[in-house]
Each structure stands twice: as C-alpha cells, then as structure tokens.
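Next come two complexes built around chain A: one with chain B, the other with chain C.
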Partner chain A sequence: MIVRLLKQPQFLIGFLFIVSFILLSFIYPSVMDVQKESKFLYDENEVIVGIAPFSPKDMPPFGTDMNGKHLLYLVLEGAKYTILITLVIAFLRIFFALFFSLFHRKSKSTFFDDIVQATLYIPTAILAYMFMVPLFVKDATEPMGMMTLIVVQCLILVGIGVPPLVSTFSEEIRSILAKDYIVSTFSLGSKKPYVYYKHVLPELSSKLLLLFAQQAIQTLILLAHLGVLAVLIGGSKTVMMGDIFNLTPSTISLSGEWAGIIGQSYQKLLTAPWIILVPLSFFAFTIFSINLMIQGIQNSLESNKS
Partner chain B sequence: MNFSFSSYLKRLRSILIGVLIISFLPSIFFGIAPLQSMKLWEYTIENRKYSLFPDIFDKFFYSMTIFFTALLLGLLVALLLTFLATLLPRSLKRAVYGFLTLLESLPDLFIVIALQVSAVYIFKKTGLLIANVSGVYDNRIYFFPILTLSVLPTIQLFKITFLLMKEEQNKPYITVARAMGLGNLYITLNHVFRNIMTSLFQYSKTIFVFMLSNLFILEFVFNLNGIMTIMLNTQGVSFIITVLFIAIPFSFLFEVMESYRGGLNVQKEDAA
Partner chain C sequence: MSSRLLEINNLNIAFGSGKNVFNAVTDISLSINSGQTVALIGESGSGKSVTSLSVLKLLPANGRAESGSISFDDKEILQMTEKEMQKIRGNEISMIFQDAIASLNPAMKVGVQITEGLKYHKQMPKSELRAVALSLLEQVGFHNPAHIYDQYPSQLSGGMKQRILIAMAISCKPKLIIADEPTTALDVTIQRQVLDLIADYKIREDASVLMITHDFGVVAEYADWVYVMFGGRIVESGDVFTIFNNPIHPYTKGLIGCIPSLESDGERLKSVYDYSFEEAGYKGRKFAPETYSMESKVYHAPSSLIEVEPGHYVRLFDESEVTIVG
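So, the complex of A and B:
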C-alpha cells in the first residue's frame, strides 16, 4: 500500500511539502536567519520613518503584523502547531468514529443519526463556537492552564467531527458485511471480532487514509473560521496596545498557530490586509498539498482496482 | 416521484431531537446555564438585545435570496465553463483539471477576504466603487455577497461536470451519435448535458451543505444581517428556532431530491 502510494508523484509532492513544512518549522532557527521583530523603520540618519505594520513592500517577503513581528517568522513558527494539531484532530476523529461505529451498528440507536441530521444545517464553525464560548467563560472564572485548555478545545473539535463520520463508517461497514465472502465466513462459524479485525478493517483501510486527509482539510478550514470568530486555540489574552492617548484593547494569541495570527489582527483587515492574507494563503497551500495527496491516493486506488 | 410526507415528518423529528441535544450539550458539559438574563425570544449582537420575531423572517429571506441567486449563478457559469472546456484540445484539458484542483484548495475565507480587500483596493486606487463591500444596518448589499458565494460552488460544480463529461464521452451512445454524423456541438448540448444534469443532482446535497457553511462566513465578513448571524448569536430556544428555519425548507428539498433520485434508480432498473 505505502510503496504503491509512494509511486504516485502527486502524493509524493504533497507529502514532501507537508513534511518539509513541519521540519522547517522545527529546525529553522539553526538553518535560517529569520529576523523576528522590527517595530520601527529608520532611514540613513537613524530617524524613524515608519512604524509597524509594514507592508510586504517595505519588509520583504511578507511584511510585519501590528506589533512589528515578521510574518515569515510567525508563519514558520506557527506551521508546526497548526499542522500537528490538525493531524491529531483528524486522526482522533477517525479513531473515535471507527470505535463508535463498531458498536453503533449493533445497538440500533438513532442517537447519532439524529445529531447528524441536525448538524447538516448548522455550519461547523457555529457548532464549534457554541462549545468554545462556554469553555472560555469557564476558563475566565476558574483558570485551567493553557495545556488543559488546548486539550479540551481539541476534544471539542474532535467531537464535532465524529457523528457524521460514524454514519459514514457504519454505512460502509454495512455494505462490507453484506458481501458474499463475509456472509460465508460467518456461516463457517467465525466470531464477529475476528471478522471485523481480519476482513472489515483491511477493506476499510484504503478508505481510511482518504477520509483522514479529507478530515484534515475540514479541520484546517474550521480552524481558519474560528480564527476569524476570535476563538483561538490555546486561548487569548487581552492587552492594551497603542500609545498613551489612544489605548485600544487587542487580543493576542497565546499559541502561535496560523488561525491565531488571523484572529488577533482581523479587525485591522482593511488597514493591513496582508496580515490576514499571508496566513490564509499558507492555509490554502497546506490544503492544496493535502488535495494533491488525496489525488494520489485516489489514483493508486483506481489502479489497484483495474 | 414518490415523495412521501410521512418520511419527511420522520426526518424533521430526527432533526428536532438532534438540535435539542446539540443545543443543550454545551451547558451540560461546562455547567453553565445559557445566559440567565436572556429571554426566550431574543438574540444579542454586541450586548444589544433584539427580539427574534418578526426580524427573523426578513433576515431569512435576505439570506436565502443571496443563497439561491448564488447557487443559480454558480450553476450557470459552471455549465458554461464546462461547455467551453469541452471545446479545448486534450492537453489543455488536463491543465484545466489541475488548475481546478488548485482553485478548490482555496479556503472560502480566503476568497471572501481576497475579494473584499481587492474591491477596496480598486476603490482606493481608482475611486471606482464596484459595489458596496460591507452591510450597514439597513443598507442591504447584494452584488458582492452573491458574487463571492457563487465562486466556490462554481469551481466545485465545474469540476464535477467536467469529470462527468469525461466519463460520458466514452459511452456507446455518443459513439453512435458520432457515427450518425451528428455534430459535436449538437451531441454535447442535446445529449450529454441532459444526462449530466441528472447525475449532477446527486451532488446537490453536498453542495448545499457546503454552501450553508460558506454563507455563514460570508455573512460574518461582509457584516450582513442574515439568518446565520442570528444563529451565531443565540442560545437555547431561539437557537433551535433559527436552526429549524433553515432545516425545514432545506430538509424538504433534500427529501424531494432523494425521492426523485430513488424514482430515477427504479426507472433505470426497469430499463435494464
């Protein structure tokens, strides 16, 4: 399976993009010399001629955000958190959905079906928002620490994705169980756990990778949406910015992921659009790499069939 | 068509139970009652309270106008583009497909914000305001939201029809039509398109759900006062009502589509 996938150029390209992104994010301080901050711009006489934010024209390649932090640095720093959180969430969604769907099939509960039916009409961002806001309220009254907050938020994001997946999986499993050779395996007297482990899971496995990639894309989009809604993973802190005469409260993302960059300067969209557009285009780029991987997986599945 | 009202009611009941569960889960998990000061028929935007009725009808129709106009526009443009794409030589078709994958990867948020920013940029540079890019209380804007909302469905529909078209091109009836000496244009318009439309129907549910999510982010970024804004800012009973406002017509549409598709399958089996 893996060897066959590696032969697909599209899969390979997408995979390399993502892996190199994560690696670069971890090792860039020792490899590249990225300037972190420049709040003021001086001319040759050491006179201040400009103040952050700088556009990409003034400070190539990506400009700086409102506090003078270079976006290149922020994006590189955030890449590892964003991609790893996304992958973990997508993995857990698949894992729990598989776990539930094995039981769901037996108990004919319509619990999941009802929720799935309802979630069709509620955008996932609103759903996540509904769960996140009480969490923040609770965090404000009794602080729970950043790690716990991140874990709980990830669990929420996992939980939102599980019910639709469960219904997909149980349909898939039902169609596999209806196959002739499974029926004959049962009539030869094999136990259910054996059949699930030996036949159903291998049949599902090719589908699983595909669903995993799709879930990763959905999670990335959801993260971006939540960033705009100012619901940041890892929480946010309100600080007073600006000079003495013009104090304005602004939120600062505590974890460095990309949605946080979007969220903390979304209000400045029209004065400094690049602060939003740069992380967003990195989102787009990551999604594109995953789409390439999906294309590769589909190609290898098709060549497998024929 | 074998639309049955009872199965629609069953679906509605299931939606109602689902929404009930979802709306009370947060308070169960975190032990926080929905804002105590909130009355049942109210929603809050930036700490100001508004009553849900009759605002919601107005906003619902506004959102739906944008939604369906965008859908129609997207469908028309996608079909037009597919038609143009079939006229391209084969090598270019692959390039088009690759380009579509690239476009499809753009998050909806990116498209919404990029269009908004570029409109403002054009205005700043040339003084030409194409259309308003932000809704203010009573001033409803249509042009930009519709344009933005239609971009992604257009891309998706284009990709789907493009693939379907490719599949259809190899079918025997096309070969027969060719052998009969019918023109390429005639075959595409009269035969292929009709068959594609029925297959396209199957994807409508995915696209509808996807567009609802887009509609939400659109309303947020463009500051439109639509149904999704209400949904974001409500809790408890008024949240359930808002969801039902969307769920009732859309589930009706889905039900009709599914019954129609079921009818199609039966017809196909009969023919086989």
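So, the complex of A and C:
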C-alpha cells in the first residue's frame, strides 16, 4: 500500500512538501542564520528610516509583522504546530467516527442521521465558534493553562467533525455489507465479528487514508477561518501596542500557529496586507499539497480496482 | 421412497413496507428429497434467487418471509435463531451464487476463502485446513492446487472462479447445495464442466441439489423434478419427463420451445409466454397468474395449482369465467 502510494508522483510531491515543512519548522534555527526581528530600519548613518511593519519589498522575503518579527520565521515556527495539530485532529476524528460506526450500527436511528444531515449545512467555523466562545469566557474568569485550553479546543474541533463522518462510515459499511461476497461468506456460516474483521475493515481501510487527508484539509480550512474570527488555538492575550500616542489593544497568539498570525493582525489587512496574506498562502499551499496527496491516493485506489 | 430433505410450504416473500410493499414470491411450495436434483426454472425477476436466499435466511435487509414454512430435515428454518442458522449455513446447506466474480472477496487469496466454512464447522488446526483446501481444489479440477491457493480472484478466469465457489460450497459436505444459475456467466463448454462437478458431488455424497436456472436444456440433463416459476409463483411442476412430454402451461411450453442452442451465450431469458396456447385454457379454465388477450396483459385473480395428472400440477384461475378488463 505505502509503496504503491509512493509511486504516485502526485502523492510523493505533496508528501514531500508537507514533510519538509514540518522538518524545516523544527530545524530551521540551527541551519539558518536567524535574525528574527527587525523593528527599525537604519540607513548607512545609523539613522532610523523606517519602523515595523515592513513590507516584503523592504524586508524580503515576506516582510515583518507589527512587532518587527519576520514573517518567514513566524510561518516556519508555526508550521509544526499548525500541521501537527491538524493531523492529530484529523486522526482523532477518523478514529472516533470509526469506533462509533462499528459499535453503534445497531441503533439505526434515522433521527440522529437527520440531525447530522441538518448540521452539515452550518459552516463548521460557525459551529466551532459557538463552542469556543464560552470556553474563552471561562478561561478569562478562571484561567486553565495553555495546555488544557489546547486540549479542550482540539476536542471541540474533533467533536464537530465526528458526526458527519459517522454517517459517512455507516453508509460505507452498509454498502460493503450489501456486496455479494459478504452474502457469500455468510452463506458459509460466518459470524458477524469475523465478517467485520476479515472483510469489512480491510475494505474500509483503503478508504481511511483518503478520508484522513480530506479531514486534514477541512481542519486547515477551519483553523484559517477561526483565525480570522480571532479564535486562536492555545488562546490569546490582549496587549497594548503601538507608540505612546497611538495605543491600540491587539491580540497575540500564544501558540504561534498560522491562524494565530492571522488572528492577531487581521485589523491590519488594509495597511499591511502581507501579514495576513503570507500565512493564508501557506494555508493554501498546505491544502494544495494535501490535495495532491489525495489525487495520488485516488489514483492508486483506481489502479487497485482493475 | 427417499426421505424429504427440504420442504417449502406456501411461502410468501415481500420487500419494502407500507405503500411500497412488493410481493416478490407468492404462495410457493416446493420439496426436495434426499439424493434428488430439483430444478427451479423461470425468467429473470421471477423470484428464484429470493426463494433460495430465504432458505438460508439471507434475504436482504428490506425483505422478509411473510408467511409459510420452510422445513429442512424436519426443522423449521423460519423459526431458527441466527445462531442456529450459522450452524446450518455452509455445513448442511450451501449455496453457489450466480455471479462468481462478485461472490469472491477480491482482496483475499482464494485458498483462504475456501477454508472459511471449514474454520467454522470443523475444528481443525491451520496446517490441516490448508491440506483440505488443496484437496478441495483438486476435486474441482485444478491440477496445481498449491499455486491456485495463493491466487487472488482477479488472477483467475470466470470458470475457475466458479469452480472455487463450488469448492467453497462443498467444503463441509452439505446435504443440500443450492446452485443459483451457476453457469450464467460462463461459455458453453465450461458450463458443462461446472454442472458436472456439482452432479459428481451429488452422487458421491448422496446429496441433493436445488438447481436454479433459466435453461431448460440444463433441466433436461440434470434434474429429476421441475418447478416452473413465473411472476413470483409456481405455474407448473412435475417430474422432468412429464413436463417435457406433456407441458400444459403456455409459459412452460414457451420455455421448452426455446431451449437455448449450444451457440447461444447464456443470454437472459425474455418473457417466453406462448400466446398461441393461451386461448385454449385447460378444461375451460384460464391459465394463471396472468392472461393475455390481443397481446395486452390483463387480470389478476385468485388462482391455484391443479393436479392434472398424478404429480403434475398446473396453475389455473379459480373461477372458470375470467373477466377480461382493459
């Protein structure tokens, strides 16, 4: 399976992008000559000629944010959190959904299905927002620590993805169970657990990777949306920024993932658009890479059939 | 007189619920003695597969046996629990399916699939399982069983797959084999091979066979007794010589009139209702369940199987006057 996948060029390219992102994110401080901050720009005479944020033209490649932090490093730093959180959420979604659909198939509750169907049309970002806001309120009154907050937030993000997946899985399992060879193995006297273990799960597993990748994309999109809504993984802190004449409160992401970069400076969309566009395009690029992988997976599933 | 092995009485099978109820099988009675080959013949959609699946209680989830009885070895199948059925399936009754390609799991070695039934019904160590599987493969005509054992279904031809299905079906030496059009997808020479394998097994183990087919040629060659099915009902039944020499129902006459020649490639049977015999009726009563007039199908009315000579039944309308509507 893995070998066959790696032979699909699309999968390989996407895979390499993602892996190198994560690797770079971990090792960049030791391989790059890192100068993370440039708050001021000086001329030859050491006279200040500019103040952060700097556009990509002044500070290639990506410019800096309000505090003079180079976006390149912010984005690299955030890559590990963003991608790993995404993968964990996608994995847990698949895991729980599979668990529920295997052990909860007895209750053919159409009511549950209907509810799930109905919620499918609510943008997930809004659903997540509704669940997250009370969390922040609670965190503000009795702080629960960044780790706890991250865990609870991830659970919410996992939770809203599970019900639709359960329907997908149940549907998938139902269609496998309707196949002729399942009837055939039952006609030999097979018992249900055996049929699930030997026939249904293996068939399902070829689809799992695909669904996992799709979930990863959904999660990334969701994170990006939440970032714009200033709902940041790991919470945020409001600080006073600007010069003494022009103090403005702004939110700072505590975990450094990409959505945080967006969330803390989305008010600057007009004056310093690159601060938002850079992390957004990294979101886009990651999604693109995973989509490449999905294409590869689909190709290999197709060639598997023939 | 050999003993009754399977007896189906007044079985009704329906699909769906509420307004969408569809009666796939109506009032079917059928019996098989041990050592006998009984043929169930009829056009596509007449309810043959549904009838045979109900014997193993493997109807699709939306279907059910509404009334009637199915007794096997004097035990009532319709009353059995799922657990009791699991002991019967594959062990006492097994089934060879219509579509060999779809009936094998494409992702599992055929050798392993052959041993599935054995795993359940015969306690034996793994090494022995393999040995039995190899000998089964040999029994169904493979000269290189060890090689075939490790193949996946996609690596085998249609006829080979069908033989694998037969090996699966006979693995636990069942008393009854239900062969649901086992040769539809095969070309003529291979059809023979496959049917002969089933017939061999039958003789070797003194088993019974319910042979489902739409090919009267197969019936003539392999069956002792025939049930002709049409629109979910038995329309004529009797021993194979009687039916061949003295068919009465227009549908049977049509079937016999169009025994596929060796060249035809198992094409699906269209309706072969023979209108030319329709007008005659039988002793003043019209043939059920449908009556044709000027090529338009009309009328549904109570009907029953009438014994026209000992052991030979034909379905006729209960009333002698059938009003033709529409």
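Simple rule for what comes next: the second predicted complex is superposed on the first by the 302 of 306 C-alpha atoms of A that agree within 3 Å, B and C clash if a C-alpha of one lies under 4 Å from a C-alpha of the other, contacts with A are read in each partner's own complex, and residues count from 1 in each chain.
Here, contacts are C-beta pairs under 8 Å (C-beta built on N, C-alpha and C of every residue); 3 or more make two chains touch, one makes a residue touch a chain.
Model, not experiment: these values are computed from the prediction.
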- Put the two structures on top of each other at chain A: do chain B and chain C fit, or clash? fit
- Message: For the three-chain arrangement built by superposition, which of chain B and chain C touches the greater number of chain A residues?
- Response: B
- Item | Superposition-derived angle with apex at the Cα centre of chain A and sides reaching chain B and chain C, degrees in steps of 10 | 70
- Task: Classify the contacts of A:292 with the two partner chains as first (chain B alone), second (chain C alone), both, or neither.
- Result: first
- Query: If you stack the two complexes on chain A, which partner ends up touching A:135: first (chain B), second (chain C), both, or neither?
  - Reply: first
- Message: Touch test for A:45: chain B only (first), chain C only (second), both, or neither?
- Response: neither
- Message: Contacts for A:202 in the overlay, against chain B (first) and chain C (second): which applies, first, second, both or neither?
- Response: second
- Message: Let me test your reading of the model: by the given contact rule, A:30 touches which partner, first (chain B), second (chain C), both or neither?
- Response: neither
- Between chain B (first) and chain C (second), which, if any, makes contact with A:124: first, second, both or neither? first
- Message: For A:189 in the superposed arrangement: first (chain B), second (chain C), both or neither?
- Response: second
- Task: In the overlaid three-chain picture, find the nearest pair of C-alpha atoms across chain B and chain C and give that distance in Å.
- Result: 13
- Check: chain A residues flagged as touching chain B and also chain C none
- Would you mind writing out the residues of chain A in touch with chain C in their complex? 178-181, 183-191, 198-199, 202-203
- Item | chain A-facing residues of chain B, complex | 11, 14-19, 21-23, 25-27, 29-32, 101-102, 104-110, 113-114, 116-117, 120-121, 209, 212-213, 215-217, 220-221, 228, 231-232, 235, 239, 243, 246-247, 250-251
- Query: Quick one: in the complex, what on chain A touches chain B?
  - Reply: 110-111, 113-127, 129-131, 133-135, 137-138, 220-221, 224-225, 228-229, 269-270, 273, 276-277, 280-281, 283-285, 287-288, 291-292, 295
- Query: Which positions of chain C touch chain A when the two form their complex?
  - Reply: 53, 56, 58, 60, 86-91, 94-95, 97, 99, 102-108, 113, 116-117, 120-121, 165, 168, 171-172
